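Note that chain A is present in both complexes that follow, paired respectively with chain B and with chain C.
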Partner chain A sequence: MSWLTDPAGEFADLTRAEQGVTLFVVAFAIYLLFGLLRGTLDPTYFMFLLGLASMYALLSLGLNSQWGFTGLINFSVAAFFGIGAYGTALMTASSSPIAGGFNPIVGLVVALVVAAVIAVAIGIPTLRLRADYLAIASLGLAEVIRRIVLNEQGLTNGSAGVRGIPSFFEGWPVLATFPQSMPETTIDPVPGGSVTVAEPVFGIGFTVGQEIVLRTPFWRALLNVSLVFVFLGVSYGVLRRVHRSPWGRVLRTIRADEDLARALGKDTYSFKMQSFVLGSLVMALAGVFYAHLNLYVSPGDLDPITTFYVWVAVILGGSGSNRGALFGGFVVVAIREGTRFLNQISLSLDLGATEVVFSFEGLGGPMRLLLIGLIIVVLMRFRPEGLLPPQRELIWPGTVDEVPEGPDVGVREARGGSDE
Partner chain B sequence: MRDRHEGANMGKENVVLRVENLEKRFGGLVATDDASFEVERGTITGLIGPNGAGKSTIFNLISGFYEPDGGRVEVNGIDVTGRKPYEVADAGLIRTFQTPRKLEGMTVREAMLVGPREQPGESFVKLFTDPEGVASAESANLAEAQRILEEFEIDHLATQPATDISGGQMKLVELARAMLADPEILLLDEPVAGVNPTLRNDLAEQIRRLNEQGTTFCIIEHDMEFVMKLADPVVVLNQGNVLMEGPPEAVQSDERVIDAYLGGDA
Partner chain C sequence: MPLLEYLANGLIFSSIIVLGSIGLSLVYSIADFANFAHGDTMTIGAYTALLTFGAVGGLGGAVLGLPYGFFVALLAGIAVAALVAVVTERIVYKPMDVGSIGMLITSIGIAFIYRAIIQLRFGADFTRYDVQTLRPIEWLVQYDIRITEHDVAIVLSAAILVTGLHLLLQYTDLGRKMRAMADNPELARVSGIRTERVKLWTWVIGAGLAGSGGVFLGLFNQLRPRMGFSLLLLIFAAVILGGIGSVYGAMLGGFLIGMIHELMPILTDYGIPIGTEYAEAVVFVIMVVVLLVRPNGIMGEAT
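Coming up: the complex of A and B.
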């Protein structure tokens, strides 16, 4: 059985939460598709959103492999993101004060090495101690790194930021010139003109079928999305495999009760270090992508708000669950970007003599935080384990062939095809 | 006061665990005060003493959870004083805890699988370079876990969430899991505290069976009936120091031991 041959059967096998999330994702995809067809959602902007969402998904996967797997509290997500972004920017950008001009692959490697070194450096003094020490140290680290980036002009250009970052595929055959070499493509979703599906009364009806023109910026965005999908696919594949391995089992034991893992002869310090470095690498990867997407990095990119969003994503998705982190990352971007449109909405009521106008102008920012706050409160009250908590049993695939009975969480090792 | 402490029998033949002049202070409180004893291979050695005598502290010192302020710990002839818990485990010693430890989000058999030592799948690199090796070790460990659960007659719990079983069953699972680590000596801290009489007998039976199969035990327990039935010799600890050691009958009738338990100054 698979999703291709028997989607209804597969769907019925899911847990309630999984069904809900699946329906939500499908509905949201359809909504976006209509946006594209109606011409209200620009395809290039859509690609940008997809890239941004994948970037947050990467950050969430990184934090999940620290907090979700092992219980390590890391408040320096933004810092490791920044290390990734600045690492590659300083190596590749034309305006880099220290190196510059290197191939982005070199930038990627340098960024990852620097992130790993800093993760080890912060891990050595803190991971031997109780969990709260890492939390405090990481809070400090985030600020220290932000200050260094802001003030060490000779090293980072300070508040001016680093400009002239090449695209990731600069210097590659074919891909380097792909966006320019693609012809301007016109897509006509409904051949022969537009179709009005319903009269646009009360804003419910709509017209589809305007021509969509894809130009160079779209192809560039498409290339970027492909890149982040590769990053995301590789990270997800690796994390999924290690999570359900004996290695991941030791991490989950540490999270539940570190002393127990120690008593059973596990070198918990080493495991915590591995988990911490692994997560930091995935975060830095997100930063590398960002630098080559935006082509400009500045100290503002290290603002702690990113850390906050990523924590929300992981908790929302379900700590310890890779697909939860993936989903959480996408939802957070949907909220972040969705609330931008609030600024454009205005409601006018005609009450005879006076006309009352409600405008959401300027409310996007506060509404965003309010919405996230509400979501967290509701979640903690009704579903503290998150929307897609990890499966109840994680044993190396192919080893077990019986399904544990039990009504609650879906355990589908039997077919070996389940997530996590 | 100290002169009434005759100490343990030192100089045994085949020693798995040797504790010499161990000391531990918490601020002004001396929890372990010049404690020495030996555990002979193949025995079930009892460790008793009134509340606060320093029994758990000694276990923590032996297993590397606490750093001693003085003295020496030897496991299988290897000096493990001040070593990390995993290094002590490498030397062949595994310990359990006074309060049962539950593993959230795991099934019983999954929690059991944390037990085996040196699993290839615990190496991050091998997960990618040798997935077949990882899978075959995992299969073997799972079969072994299943076998031990059956021996303990709790195999029906295998796929239950580890947080859903009773405290007594948890104690059985802990013992079973510790056995998966294949220790030469197993330190049990109050294995039957809070366990109902039926399970208590089960546990005693299992410990005796495992002992006959070659595992050495050192057991802290307040349940005198349990200790006296199972352990020989019994080491009595009082105020951080070894009061005496002897066969269960001798210990039970010793006046100093009775004094210590009645709260008198031994």
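Coming up: the complex of A and C.
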């Protein structure tokens, strides 16, 4: 059975929450596709959104491997994101005050090494602390890092930020000039014109199928998205593999009961440190991508609010669930970018003599904050395990899938009792 | 070297930190979680005072450069901060069963909700109370101390509030119950203390003091929706330094943290190249060191 041959059966096999999330994702994808076809959603902007969502998914994966698997309350996500971004920016940018001009691959390596060193430096004092002290201490140390980036002008250009960061593929054969060399491509979903649906459908008329022209910015965005997909794929694969290993089982034991892990003879401090460094590396990777996406980094990128966005993503998806972290990352970007449009909305009501105009100008920021706050509170109150809590993904596929389908053993029981 | 002025500024800033840290420490020990919404409770106090002061006006006379109306606004700030905290406790925290870490995360959500609502009404920009900006007190300038009557009002009001709390804790029935509960909640419960009611009063007192701290913070600096959240980590540092759960520890911790924060210029005067822009960073490092070396703080009992 697979999704291709028997989608209905696979769907029925999911839990209710999984069904809900699947339907939501499909509906949202159709909505976006519809926007693309109508021409209201610019393909380049769509690619940008996809890249941003993948970046948040990457950050969520990093935090998930710290909080979800090991139970480390790390409130310094933004700091490691910033270290990744600044690490590569300072190595590659033309305006870098210290090095600059290196190949982005060098930037990537330097950023990851610096992130690992700082993760160890932060981990040494804080990982011995009680869980809630770790939260406070990591938030404090993240703030220390932000202050250093903001104030050490000679090192980081201070509040002016670093400009002139090259794209990640600068200096690569073919890929470096890929966006420029691609021809202007025209996609015409409905040959020779467009389809206009007037009133009948839901009382709303719309037109689909205008020509979509893909130019250089689109190809550049496509390249960026491919890059972050590679980052995301590698991180997801590695994390999935290690979390199923004996090492990952120790981490989950620490999360459940640290004293128990210690009683079993595990050096929990060392395991926590490894998990902390691993997660921080994934966060720094997201930062590296961001620097080469945005081509400009500033101390504002280390604002603690990023940390809490990522926390919302992980809690929403379900702590300890990697696919939940992916889903959460996408939802957070939907909130972030969705509230941005609030600023442009204004309603005007014509009440006879007087016209009432509601404008949401300037309300995007607080509405975003309100939404994030409400999600946190409602989730913790009614569904603290998140929307997609870890289930089968913690079980080796071999233990349930490679059971012989023959009649001699109780197949249903061996497959995990799916007929309960 | 204007050491006296640094000390005077330290005293003023300490007063504000102390008002914030007492409540945080009380709630930390009695409700058993790190309340990240405490800073934004201070912001609520400040903005309530702004609204009230705008509504009631000066009311005639003035004490220490502050119109009577401002003291009415201060009381309103304390009352609303306490009310908001109690309502939040009843509808959000109380029905929850997610452990202290879950509560911590929830309180971050609460903090965002408070701040978002304030920002929706007042915008993200700086505002000030409509009180006259004063010149430094004349006779202190000769000692190189430049503080205004407003600053004196902050320190005096904080001293009155803290003394009031001290009397409450030492000489009233409620105070004894609160101390008993902070010491050992289970023991307090079995000896017949109505812990729920004491808990409620703890929230009232803690949030009320935070509200007053917010009002004074707005007077000392300016008002902006982020003011409380930005101060929160300093308050945590004070609470941890003093020892979580100890009210007197929070007072001492708040005093020390406020002083260290304002005495930072001395470092550069002595040629140590750490500027005032790192004042908060230095405090956070001290906080981490305290957590490592003496996690129970100065006044906390060793376990």
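The rule is short, and it goes like this: the second predicted complex is superposed on the first by the 385 of 420 C-alpha atoms of A that agree within 3 Å, B and C clash if a C-alpha of one lies under 4 Å from a C-alpha of the other, contacts with A are read in each partner's own complex, and residues count from 1 in each chain.
Keep this in mind: a residue touches a chain if its C-beta (ideal position, glycine included) is under 8 Å from a C-beta of that chain, and two chains touch if they have at least 3 such contacts.
Predicted, not measured: the structure shown is a model, and the values here were computed from it.
Asker: May I ask you to decide whether A:L370 touches chain B, chain C, both, or neither, giving the answer as first, second, both or neither?
Answerer: It touches chain C, and chain B stays clear.
Asker: I'd like to know which partner A:P384 touches here: chain B for first, chain C for second, both or neither.
Answerer: After superposition on chain A, A:P384 lies in contact with chain C alone.
Asker: Determine, under the contact definition given at the top, whether A:L141 touches first (chain B), second (chain C), both, or neither.
Answerer: The second partner, chain C, only.
Asker: Is A:D13 contacted by the first partner chain B, the second partner chain C, both or neither?
Answerer: neither
Asker: Identify the partner contact of A:E170: answer first if only chain B is touched, second if only chain C is, both if each is, neither if none is.
Answerer: A:E170 sits against neither chain B nor chain C.
Asker: Quick one: in the complex, what on chain C touches chain A?
Answerer: Where chain C meets chain A, its residues are 33-34, 92, 95-96, 98, 100-102, 104-106, 108-113, 115-117, 119-120, 123-124, 233, 236-237, 240, 275, 277-278, 280-281, 284-285, 287-289, 291-292, 295.
Asker: Could you pull out which chain A residues touch chain C in their complex?
Answerer: 73, 125-126, 128-133, 135-137, 139-141, 143-144, 147-148, 150-151, 308, 311, 315, 362-363, 365-367, 369-370, 372-377, 380-381, 384
Asker: Which of the residues in chain B come into contact with chain A in the complex?
Answerer: Chain B reaches chain A through residues 63-65, 84-86, 88-90, 94-97, 101-107, 109-110, 113-115, 117, 119-124, 127-128, 134-135, 137-139, 142, 158-161, 177-178, 181.
Asker: Under the touch definition given earlier, write down the residues of chain A that touch chain B in their complex.
Answerer: 238, 241-242, 245-247, 249-250, 252-253, 256-257, 259-268, 274, 278, 320, 390, 392-400, 402, 404-406
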